[in-house]
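The chains carry the letters A, B, C and D, assigned in the order they are written, with residues numbered from 1 in each.
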Amino acid sequence: MSESPLGLFDGVLARGPVRSTVDDEAWLLALLNAEAALAGALAAAGVIPAEAAVAIAEACASVRPSMTELGAAAAASGNPVVPLVRLLRTAVPAEVAGYVHKGATSQDILDTAAMLVARRALGPLLADLTAAADLAADLARAHRDTPMAGRTLLRQAQPITFGLKAAGWMVGLDAAAARLATVRTQLPAQLGGATGTWSGLGSPAAAAEVARRFAADLGLAAPVLPWHTMRTPIAELAGALGGVAGVTGKVARDVTLLSQNEVAEVAEDAPGGSSAMAHKRNPVAAISSLAGATQAPGLVATLLAAMIQEHERAAGAWHAEWRPLRELLVTTGSAVSWLRASLTGLHVDSTAMRTNLAELLRTLGTTSIDTGAAAMMVDRALEARALELRRLGGSG
Amino acid sequence: MSESPLGLFDGVLARGPVRSTVDDEAWLLALLNAEAALAGALAAAGVIPAEAAVAIAEACASVRPSMTELGAAAAASGNPVVPLVRLLRTAVPAEVAGYVHKGATSQDILDTAAMLVARRALGPLLADLTAAADLAADLARAHRDTPMAGRTLLRQAQPITFGLKAAGWMVGLDAAAARLATVRTQLPAQLGGATGTWSGLGSPAAAAEVARRFAADLGLAAPVLPWHTMRTPIAELAGALGGVAGVTGKVARDVTLLSQNEVAEVAEDAPGGSSAMAHKRNPVAAISSLAGATQAPGLVATLLAAMIQEHERAAGAWHAEWRPLRELLVTTGSAVSWLRASLTGLHVDSTAMRTNLAELLRTLGTTSIDTGAAAMMVDRALEARALELRRLGGSG
Amino acid sequence: MSESPLGLFDGVLARGPVRSTVDDEAWLLALLNAEAALAGALAAAGVIPAEAAVAIAEACASVRPSMTELGAAAAASGNPVVPLVRLLRTAVPAEVAGYVHKGATSQDILDTAAMLVARRALGPLLADLTAAADLAADLARAHRDTPMAGRTLLRQAQPITFGLKAAGWMVGLDAAAARLATVRTQLPAQLGGATGTWSGLGSPAAAAEVARRFAADLGLAAPVLPWHTMRTPIAELAGALGGVAGVTGKVARDVTLLSQNEVAEVAEDAPGGSSAMAHKRNPVAAISSLAGATQAPGLVATLLAAMIQEHERAAGAWHAEWRPLRELLVTTGSAVSWLRASLTGLHVDSTAMRTNLAELLRTLGTTSIDTGAAAMMVDRALEARALELRRLGGSG
Amino acid sequence: MSESPLGLFDGVLARGPVRSTVDDEAWLLALLNAEAALAGALAAAGVIPAEAAVAIAEACASVRPSMTELGAAAAASGNPVVPLVRLLRTAVPAEVAGYVHKGATSQDILDTAAMLVARRALGPLLADLTAAADLAADLARAHRDTPMAGRTLLRQAQPITFGLKAAGWMVGLDAAAARLATVRTQLPAQLGGATGTWSGLGSPAAAAEVARRFAADLGLAAPVLPWHTMRTPIAELAGALGGVAGVTGKVARDVTLLSQNEVAEVAEDAPGGSSAMAHKRNPVAAISSLAGATQAPGLVATLLAAMIQEHERAAGAWHAEWRPLRELLVTTGSAVSWLRASLTGLHVDSTAMRTNLAELLRTLGTTSIDTGAAAMMVDRALEARALELRRLGGSG
């Protein structure tokens, strides 16, 4: 499917690969994937004929519903799965129609699609995040011994090295990435039927088999029970994204502070201009990263608040997740993508660092630069990272 | 400009007139309105030639920029005004190009457009809100004396009348609407230039005149000073919308609770079905209203948190407002539109109310229904409303 | 009643007069005020004997309940009013006991107390806020013509004057204060009885009289209807406090940024030290102000989310307001108090401003300092303020 | 140390063991633990004399600082560690004074104390949470085959068993507990010195040894680098607590809904009364649990928003964590404690369930109760739990 066109603010606030992995097309694809996988699992467990599953899979691969019609029809039933199922039933041979969506409820398909969308979005998001951490690692290595003023409460405090600062960025980005990667592997499929009893999925044993295969086929985790109103998967995803956004914003904040004219210790490779001032060299990437990171906490709060859901399926709180989840993925992804851009080719002015440091040394009444164990700390952090990457079978 | 197509979730989560008043097309129109009004004000104050303003206004009325190109170009400078100004400068005679956007900074245009968009969105939003309050007033009047069980902490407590409950809805909706309407009239234009000194707007006296006319021409308030990093207008708008969402959610919650099978005292006129259960009569409108209302508080928090902005213009916090502001308008508008739908033709089952009340009376060991001053309280609330509507020159 | 002792973090996070106006003692006083006022209003309307009201007022003035016992007993019924009423009934003559709390429900007393507490807290909070605005006005006046670099996106942009920056602070603080002051005058009493029907307050006419006198006696507004589950007053209070916190944080942020060693354009009069570094001159007041302001948006979100309350009284959402409301008052009050401290005696280094500006002028390739209409804008803002203060009968 | 007295709202909003583990006394103890452990680690690594560490440990065990004086003095430096260190230095022999707090910065001690406080609070919190899950497991087992109406969107949908509903509670509570328990084991000590370079902790090798021993001695994790401005530990803790609160609130919501008079399928063992209505049987525990759960998301948002911290130590955002972190622990702990109380002895009325179900069956036009695989699903969930408990070396 083609990428959706950039909106007016998307260049700034929806940068990078995540946007198109969570757009309407991507959601529709995931909904169709879920319906096809359900049919496949039902057939494999002997609940529906194998040919029915083939026909349904073909319909899922070929229907091209109008998004606007789906959206409009969704209003009548409260979600877009109802009209989508209706459409699929007309797209298969009449004798197969009854097997479409068999045993499922709308939320089964929509939650499963949400997890698929999240998994697909987190791939490139984590790639950007790891790339940003790699760039921080490069800076830590290159500037292991570059002294600069450490600053606390926005005042010069004691010397550090830029390598140590960058190593701190690296460790934070890696930690947030590790948590998000773990959450990604645990995203569960959803399958329960109308009230979560598997009542339409054949015998209990068959139903268990359907649920297992459904999840496995989609590459999602198989939960012990349906989680229609027990939203821990959403909470864990939201929390992990909130953590990523926070770390990303911290690094971006440092870049903006170090880019001030009066500090001038770093500069982005491609600073941006202004509609009114030709001379401006704004750290646009870090600023846009901050803009993205700033939007995350409120969205996390919305998703957590929406966990309080009624009985077997909620009266509003479930629907309330869709937009915030998408926004949270987009804004975190944008923040990370911008941070990667900001750190790519970041100019580090070690002379300016020395100059600013000199003022601190004067205040401290010393001429010797005591950066403590900074160099060794950088080495340790880089070694720990290399070890972890080897453990994960990756490379640094 | 044509209405943007419905997205996959828009039927449920972006119902009603607000969505198309805050979409990209609407924003672009507002940005162009702001540029044209600036030129007009500059000409009226004698800062630029009158013919230049005419040419700029014509360009603003005729350019049809590609949203995707604007969005993409916005990434380089951090906002979409920079490429839009570039485009306008090519769309006017060469000798006029220098007068386009004269004296303004991107944020002047974007903030002004945001206020225009908000004002335009709040019109139909307030109309829906007032309509919902009117419906509540009708219910209060019609059921002034219909007794039912009052419920506290989700347990039957003492008798009330349905009219009193509906009057409470009415008063709450009206109060939230009144605050939002006040905020709407106070939305200010933004004009300051690069650092808010009016330095490119001619002499101080001329600049003051430009600022005054700019606001007046757009129907916005003229602020004492530019508010580039002093975001009280955003805070007031966000707070008022949060209040509307809260009240709307409260009423919708009551409708869902009264619609439970075991209570069954009200039913929506067009309840919705289910993909799995033909017999379901879900109060889809109230549920969707709740879904919208639930999303507001987190967005308000984001906008409030983004108020802490640096110096003369912020490094990220300003950009962080755009999506949440749009989302807040959309989700609140949707909640209100759905509530209006929910209350339209709401079926009130006074027999069921009596039946449920009878159980309470048994518990209380009484046969007399004491609804206190409920009837008089309904009358008072309706009279106060009628008075207020007369004061506003409106009609009930 | 004596002031509660400072807690471990209170020096930093609960500075100023608000803390002791919202502590347990202050709440208890307000609860007792409400019970006494209720008795007085009932007597004035002829619903209970005048002597009963006198006895109740005396009991309210003399009981000294153990906070811990109240707190523990509150757990059984869900709020502290139940045991307080029990206590009052034992503190009056036996024949008066039945008139204590007559016609009221716990929430009537607790909500009314909350509004009293808020009104009492907002007095000194507004005084601090106005004092901070006064200090900003002084700075604006004194530095009307002091040039400095204006900074956008944390980069030097165009010249401004420090007076204009300070005038911006002043306008923002005044705007937030004005909104909060308005909300303060509108804080409503709460009186409805068990399900909001005034059923225990005598005849409908008497009940209306009781409600009117109850509010008037306490200096609170009299609402059209009880607002047990229609929480617009809480939303408006929360929104206004959120706005104050945001503006306060913006000014404090500027102070911290201008206090950086590399900028050094302002310094607090009493900067703070460090446990590890004797030379540190941290802008502790501005930092602590930021710490307070940062905590507000999440609390506002909680209060807005808690607006969705069930039927005649909520099953949890009402209780969920108590701590956040207190925290919001404390943290906003602390932020404002610290900002006032930060601006008191703020050292402005116009030489440093000149030096930093010189670099900007070099970048701009000019030697002339164009601060546009800044001086006139300062004058206008000060004049508008003087006018407004005269209108309010105050003095500047 | 003695438990702090209950405040006015604490019986309702700060129930259970967590409150006293996070109060001022508990914080002070943790601060002193951190200073003593630091001295011990410094001595063990040969950086300070062993006798100095002994003297410091003794001082930490014996000083009884006035909380109010600490709190007041904290205002001058921005945190309570500065005056505490001053006090400790006077409490040890003069020649030891210089070894107190050696190499540390205030934030090292305060962050470490925060992690200690969190670890201590999470113990009883997790015990309550596990107990609540055990109770849900008991209900699942006992009501494995008890049919009832499943409800979606607050309307009767299809039959379920109460056992399946309770099993869903159990799985959700367990999942949230598992995440929180993991986070608890990963809470890191903090040690970096003024700017995080370990510059006052001896040679690099010695410093590394100090950091390792410091963490180990306190039972905390040893981080790769100091995390003064890289707040992933706070984010993970906040996210996990938010998840616990959400799950807890969901279960409590179900209890309140099932306790409605019109549903009456469950009743708390000790329902609460009302100040106005003797007959009320409010599910006070579930309601108070909801009140606690509702306050969490906003606090999580505050902690996530505060992650964007400057340079080596933040100008306000760090201080902004203290109160919200405490509040989040208290409110989540209270919610969990109340839920445990609510589920303890919960009365399940299977006859009422049958009666309500009968209405649903009539609507469905059937007499057979199809609960699908519900019974097997309960068995599977219980088995999975037993397996997991065995894996953890626990018992069910």
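What we mean here is this: a contact is a pair of C-beta atoms (placed from the backbone, for glycine too) under 8 Å apart; a residue touches a chain by one contact, two chains touch by 3 or more.
What you see is a predicted model, and the numbers here were worked out from it, not measured in a lab.
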| item | value |
| --- | --- |
| Chain whose mean Cα position lies farthest from subunit B | D |
| Pair with more cross-chain C-beta pairs in contact, given A-D and B-D | A-D |
| Chain centre separation in whole Å, for subunit D relative to subunit A (CA means) | 26 |
| Centre-to-centre distance between subunit D and subunit B (centres being mean Cα positions), rounded to whole Å | 38 |
| Where subunit D touches two or more other chains, by residue | 78, 105, 151-154, 157-158, 193-194, 200, 256-257, 274, 277, 282-284, 287, 290, 293-294, 297-298, 300-302, 305, 315 |
| Subunit A residues touching subunit D - in the complex, by the definition given at the top | 78, 105, 150-154, 157-161, 164-165, 167-169, 171-172, 175-176, 179, 193-201, 203-205, 207-208, 223-227, 229-232, 235-236, 238-240, 242-243, 245-247, 249-250, 253-254, 257, 290, 293-294, 296-298, 300-302, 304-305, 307-315, 370-377, 380-381, 384 |
| Sites on subunit D touched by subunit C in the complex | 5-13, 15, 24, 27-28, 67-68, 70-82, 85, 101, 104-106, 193-194, 200, 252, 256, 272-277, 282-284, 286-295, 297-302, 305-306, 315-320, 322-324, 327, 331 |
| Touch list for subunit B against partner subunit D, complex | 149, 151-158, 256-257, 259-263, 274, 276-277, 279-284, 287, 297-298, 301, 305, 356, 359-360, 363-364 |
